[in-house]
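Both complexes below contain chain A, partnered by chain B and then by chain C.
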Partner chain A sequence: MADNETENTPTASAEKDNKICILLNATGNVPIIKKRSWTVDPYKTVSWIQKFIHKYLKLDPSEQIFLYVNQTFAPAPDQIIKNLYDCHGTNGKLVLYYCKNQAWG
Partner chain B sequence: MSCMSWADFCQESQELLEMSRRLIDTWSWEEKTSDEGQSYLVYKQKLSDPLTQDLIQIEYNIVYSISYQVPIMYFQAHHSDGKMLSLESVWQLFLFQKDSQYSREDMLSILTQMEHPVLFKPYMCLHPCRTAEILEQMPHSKNRILTFISIMGPYLQLNLDNGYGLLCRGEGEYLSDDVKNLPTV
Partner chain C sequence: MANDREVLRMIWEGQLALCFQADPDEIVGLQQPENFYLMVSRLSYLPLVTDKVKKYFSRFISDSQQDGTVWFDYNGAPLKLHYPIGILYDLFQEEGSQPWCLTIHFSKFPEDSLVKFETKDLLESYFMSCLKEADVLKHRGQVISSMQKKEHNQLWIGLVNDKFDQFWAVNRRLMELNGEQECFKYTPIRFYNEDGTYIQKLVSPLTESGKKKTVKDLLDELSTPKRKAVGAKTHGIDVHSETHLQWMSEHLSYPDNFLHLVIYYESV
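Our next item is the complex of A and B:
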């Protein structure tokens, strides 16, 4: 993927130290995470954060986490955090909402 | 709350179309009659088949389901020679991205073929039985059509631009109260 390629270029690795602060908010029936502010590598993807929350909350494999911004829009899972932050960051933070859902079927 | 009325569907679709216009995207509105459920959103895109490199054209229709009172995503995929993709080839196409967290095998259990309620032709769709439940998890959504498309779309390689997330923000509504109250880190 293109994201992995950029990670190897020198400019990208220099930027890598500038971690992005994200704020996680629970909605719906999902358990809250006590520590709401996290700093993440800007080149991590949305699906990586979903996996992280899933693991952190020790959810059942049959449950999945959805992540969305502005309470409305769910970014594509392969989107990197840096792009999201550039578009949706406010006051140095990226506010993300998450909810869980049962697997399909 | 999670159920949408036909009027909601029309209004939020128009909002989505406005966002699409501002982002120079290509969503359009197809109106057969003005009756309930007889108009829908259309989006077309081309993908290359990861196995054969064949160019595939997919047409997505977001139709209102009168029985479930939620939007349904219908789609039809065609090879470059105009032949329609079978359900099996569509499964192959969307299963290919194995690395995604979205467990696709799982999603395929709701990918099925149904009659398009407006066109009366066989279309593939993601069954709407769980849609209301998903929309219910996002009670503050400003546009449920956008929420719906952005959640379901990535399973079918329909990825919306990040700009949609910005445009659905109401004027002057820059920060949620939660953020204001938080100490800066």
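Our next item is the complex of A and C:
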């Protein structure tokens, strides 16, 4: 992915100190994103990440991306990454799992 | 836990008088419908209590709009469908006057500011997710994951049908402390800003010196050099500054197991 698309995609480099590092893990029957580690603006929402994954994997519009924090719960689409990171981040990263079907209810 | 069972009951019984009015642009025909009045639980969610409202107003709108996703606004501010009604009221109706007049809409869903919950099942899975997140914070998720599916259902059904005993028979376990614990690991809590957004962060129920944290300690924690947090409101109550956070978590949490606090700030 081109780094100049920073407005619409997470950036590949983690220099900007206020950005949050997220780790994207595929789970279940969903294509894998090779690059797992991304940095995002803290005020981006869960639905923004979902749309990003959807676009990145070139999924069919009928397919849906579900996102889970630490394999436990699905945050609200309008939840911001900062809130999730502040409560559930580990070792400087927020670990997210994505799939095409509901995994952990 | 729950020595103050009467408090749980009072919180459960908190109600609001709502008045729903039509969006004049959506009404077909000459006659404007009368307003629709309803008493609702503060703890419930708009999609759970508005079936009758939707049915009533749908008679006055065009056929093409019947299938639209219904949403509500207060004074032009769209109301989140997945926030408990009590917190919406505490956020947007500062004078506390009732009935609280909302407008119902069948079209022009504001996708940028609201999340669609087209079915009650979607709202249920969001509610269960909140419970799971809260339990991760309180007990590392061990209590909720040890429960059976039917117990999870009982929490939701108890809320939907307004059955205090049914809900608390299960919720009691989520509010218990593990073994020797004096407090939860962290307090599940959302701090609301005036614009309706909220912040969430790790809040221990204990101070660094190991004492039980109070509302005053919490407000100090939220204060910055620029603005001072001066008050916290939930369930329409300005919470006393000496109230322990752990007690609040056990008694004043919404059914999703989070404390939802409107925080008031003063510029310094």
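Criterion: the second predicted complex is superposed on the first by the 83 of 105 C-alpha atoms of A that agree within 3 Å, B and C clash if a C-alpha of one lies under 4 Å from a C-alpha of the other, contacts with A are read in each partner's own complex, and residues count from 1 in each chain.
The definition used in the following text is that a residue touches a chain if its C-beta (ideal position, glycine included) is under 8 Å from a C-beta of that chain, and two chains touch if they have at least 3 such contacts.
None of these values were measured; they are calculated from a predicted model.
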Contacts of A:Cys21 with chain B and chain C, given as first, second, both or neither: first
Partner chain in contact with A:Asn29 - chain B first, chain C second, else both or neither: first
Chain B versus chain C as contact partner of A:Asn83, first or second or both or neither: both
Touching partner for A:Lys93 - first (chain B), second (chain C), both, neither: first
Contact breadth on chain A, by residue count: chain C or chain B: B
First (chain B), second (chain C), both or neither touched by A:Ala74: both
Intersection of the chain A residues that touch chain B with those that touch chain C: 47, 69-70, 72-78, 83-84, 87-88, 102, 104-105
Touching residues on chain B, where the partner in the complex is chain A: 100-103, 106-107, 109-110, 130, 133-134, 136-143, 146-147, 150-151, 153-154, 159-160, 162-166, 168-169, 174-176, 178-179, 182, 184-185
Chain A - residues contacting chain B, complex: 21, 23, 25, 27-30, 36-37, 47-48, 50-51, 54, 64, 66, 68-79, 83-84, 87-88, 90-93, 95, 97, 99-105
Residues of chain A touching chain C in the complex: 47, 69-70, 72-78, 80, 82-84, 86-88, 102, 104-105
Touch list for chain C against partner chain A, complex: 80, 82, 115, 125-126, 128-130, 132-133, 136-137, 141, 186, 197-202
